[in-house]
């Protein structure tokens, strides 16, 4: 790698020589290791600058909020993969992360875009409800779900979302995106006939965008956070193997309804 | 697994007991192994029926056409991954397949939808050009590229596409979708000002849809085919390690243009 | 890519220019597409030569044998991943392949090495039983399982293994490795006190090594074959979504036994 | 999920109901979000207890040390994957993580096992050098490289390793494993004839094991840390696309030396 001007053949993230590793222009060994937290380092990697203490606090809160929620599909996929391929922990983590898609954990990204679109139409604080109403109606006309609301288990409210809003307030960083997220929550019953509370995937982008976290990296938060949860599950899987137990239960839940020869009685299968 | 009626808890693909494995209702050991080719088995798995000889020939031709094209990004990713993680061939194959996305190999799927949309608007053979013209213009109005046309290396024509159309003709299966693919090729210069030939990702869906292959499984063809190419590259990588050589060359091509302390001269890095 | 001499910066798999794509020295469009089957092409990619008809038949048989066996862990992981991330079929396939590891599908590779080690110690046909006995005892002394024997569902015999041996005989390619696989089956009761039949992951390497398939690419057969099965399941998942159903059943099968506040009653979770 | 006793059908990581999410027995919303850092939460997830301040500091230091080192193979694989499949950020992150294997980033795990084996043979501080000498010689007899020493770029010393040892000293947690890592460094010239300094993959397990971090989760540190670096690179890739630039340079570095028809001149390829 050679130092050059900013064009399509350049990166601004890291460079090194025998003595020094630069990360975003800072000396990794002398300025960062032992001096900044991993969360601050993540913010630095993404933006080129270290976060303020309130920014760090909000980012920490979102990472803690989304790291773990029990035996969810991505955890199951990871544990089953480790059971079948114990030689490659990285493969099991990768299998888990591949389930951070548009429907489950990646919905934080969709919610972030939704809030940002409303914010872009709101010059002052005044027009916020009108802009939110308009955008909700556009989504509904297009047959799109409003991202970031409702949860199959946390029906009344999502305790993580409520707490994230509190943390943003405490940090002095709750701003327009949090206001929009709350305004939409208030508007939903009249606009859709259904009361749905902000969920964790709605609260995360609201507080992060208000904190100045980059919109295009929103999905990075559930991805990084779930890696921590996946590693914990895979450590447990090594001593308490549950992958095949879960797979057996899952297979039992599914019937075969294809053609079959007379007298054939299935017994299950394992590969 | 229990046998049941067709609902959301059922699958029609496979069931087994101690003596018998059924695949799509057929006895795997007695009716399929040694009696059908892998390509026929793939068609059976997807559709529930064995292909006719012409259908099998067209599917074979598409799989052969897209299996390999040299040191493309997905092959590089796979070879670099094996160099770093030789304990897990499956991880290197997975890394390669993850690059079969909407821009590169998955474009066969986008082209298939495009042709199918035009076919759906064409009641008889007569209106085909009108429907194609309309759909091209809609794509262009929406700022979308026409999928399945043009290739950075095979500029005049893509030899794989031309050959696939020949095979479809020989098999007696060239129908409406091939006609649409060709009609669009003819229309492109006047509609877009640019002459672009059908590429392999346009020809594959055209001949497969005419052969009765399911639209929703189109991406499965490049995925399956590239797995074969990836395995070949990973076999070669074990005796001719190129992963780090390629990585070094790639790193050399990129400059660092972030901030740096006075006097810092980068030398490259490898992790 | 430039043509050069054989060294560590060269690959012998593919090269191309605007008019021609070479695969293993053959013109892809003129010599391969529409003329060879996908299975023949896979063999060519791996070895540089097209297979004989008996070699092709044996390879087809192994690919058909291992492509599909119901709702196994890797299929579940793939279907759960597609349910959560429907935008990326390639991610769901990758998640499934990551479970082709040393314990489940990759065991064909371990069995192949085991047979090859015995073959290497057997100068003529005579000493085969002695060499097999010795190697089995070495594995047992080292606490290693004998790879390629026994199956939790197909306990008496694995119908796929029996059929693969038949196909190898019919093709005239059953040789030393099949003899070794059978000899070990016969020896196991007296050497280990347990009668275990050759399973599909034992039969696949035995017949492939006898057919001249390369040892270092053995894992490529389950990887390629399961890709076909995974694509079929993911096509079904698009119209019959089972991923979340299976995940729910799997989560229900697991209890929480960590610390909990008084009065806490869990209800399950989904992320 | 139901609460039960500790057996093979139980997990101790998380449980939830409509109002409360427990993580390792603590109320996620009331006790963790906004109160603990992500690094503390990761330690809690892994071990069931929050770390002390010195433990947290050491874990932060290792995560910061290994998160980023420029255009390494796994970053290249991730950026190439995003260029080809921009619809799935999670797929690009997964492709990058799959390269955290035994040779590159996963070597921290191998080094950790190596240090732990020496520690297990060292009853008091006295026999440390003898145990280290013995284990180094065993590795060399078996033809195994000593994991955690030497770096192609940081030849004299790895600045990250030196700094991690400093941080461990400052935190009051440098103990037996750090002593072993240093003793081996001192012994290597006489035992192997080659002076190789501890690298970052040697220092990470030394300081983490001294801090009480679990051995079986060592690979989780580079996996979690690199996820942060990968997300930063993928954010940059969205505005500064380098994936295809790097792929082109890598392909140019490789020659084709397979058979070719007379007059064939290759031009490169891109899929």
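Quick notes on this one:
Each chain carries a letter (A, B, C and D) given by its place in the written order, and its residues are counted from 1.
The working rule: a contact is a pair of C-beta atoms (placed from the backbone, for glycine too) under 8 Å apart; a residue touches a chain by one contact, two chains touch by 3 or more.
Source: prediction; values computed, not measured.
Chains that touch both subunit A and subunit D are the following: B, C.
Using the average of C-alpha coordinates as each chain's centre, A ends up farthest from subunit C.
Taking the mean of the C-alpha atoms as each chain's centre, subunit C and subunit D sit 29 Å apart.
The distance from the centre of subunit B to the centre of subunit C, with each centre set as the mean of the Cα atoms, comes to 22 Å. In this assembly, the C-alpha centroid of subunit B lies 34 Å from the C-alpha centroid of subunit D. Touching of two or more other chains is recorded for residues 1, 9-18, 20-21, 69-71, 85, 87-88, 90-91, 94-95, 98-101, 106, 153, 242, 245, 251-254, 256, 267-269 of subunit D. Considering their complex, residues 69-74, 76-77, 80-81, 83-88, 91-92, 94-95, 98-106, 152-153, 242-254, 256, 267-271 of subunit D touch subunit B.
Only residues 1, 8-21, 23, 28-30, 32-34, 36-39, 41-42, 45-46, 57, 59-61, 63-65, 67-71, 88-91, 93-95, 97-101, 106, 153-156, 159-160, 162-164, 166-167, 170, 214, 216-217, 219-220, 223-225, 227-229, 231-236, 238-242, 245 of subunit D touch subunit A when the two sit together in their complex. The residues of subunit C lying in touch with subunit D in their complex are 1-7, 9-18, 20-22, 24-25, 27, 48, 85, 87-88, 90-91, 94, 251-261, 264-269.
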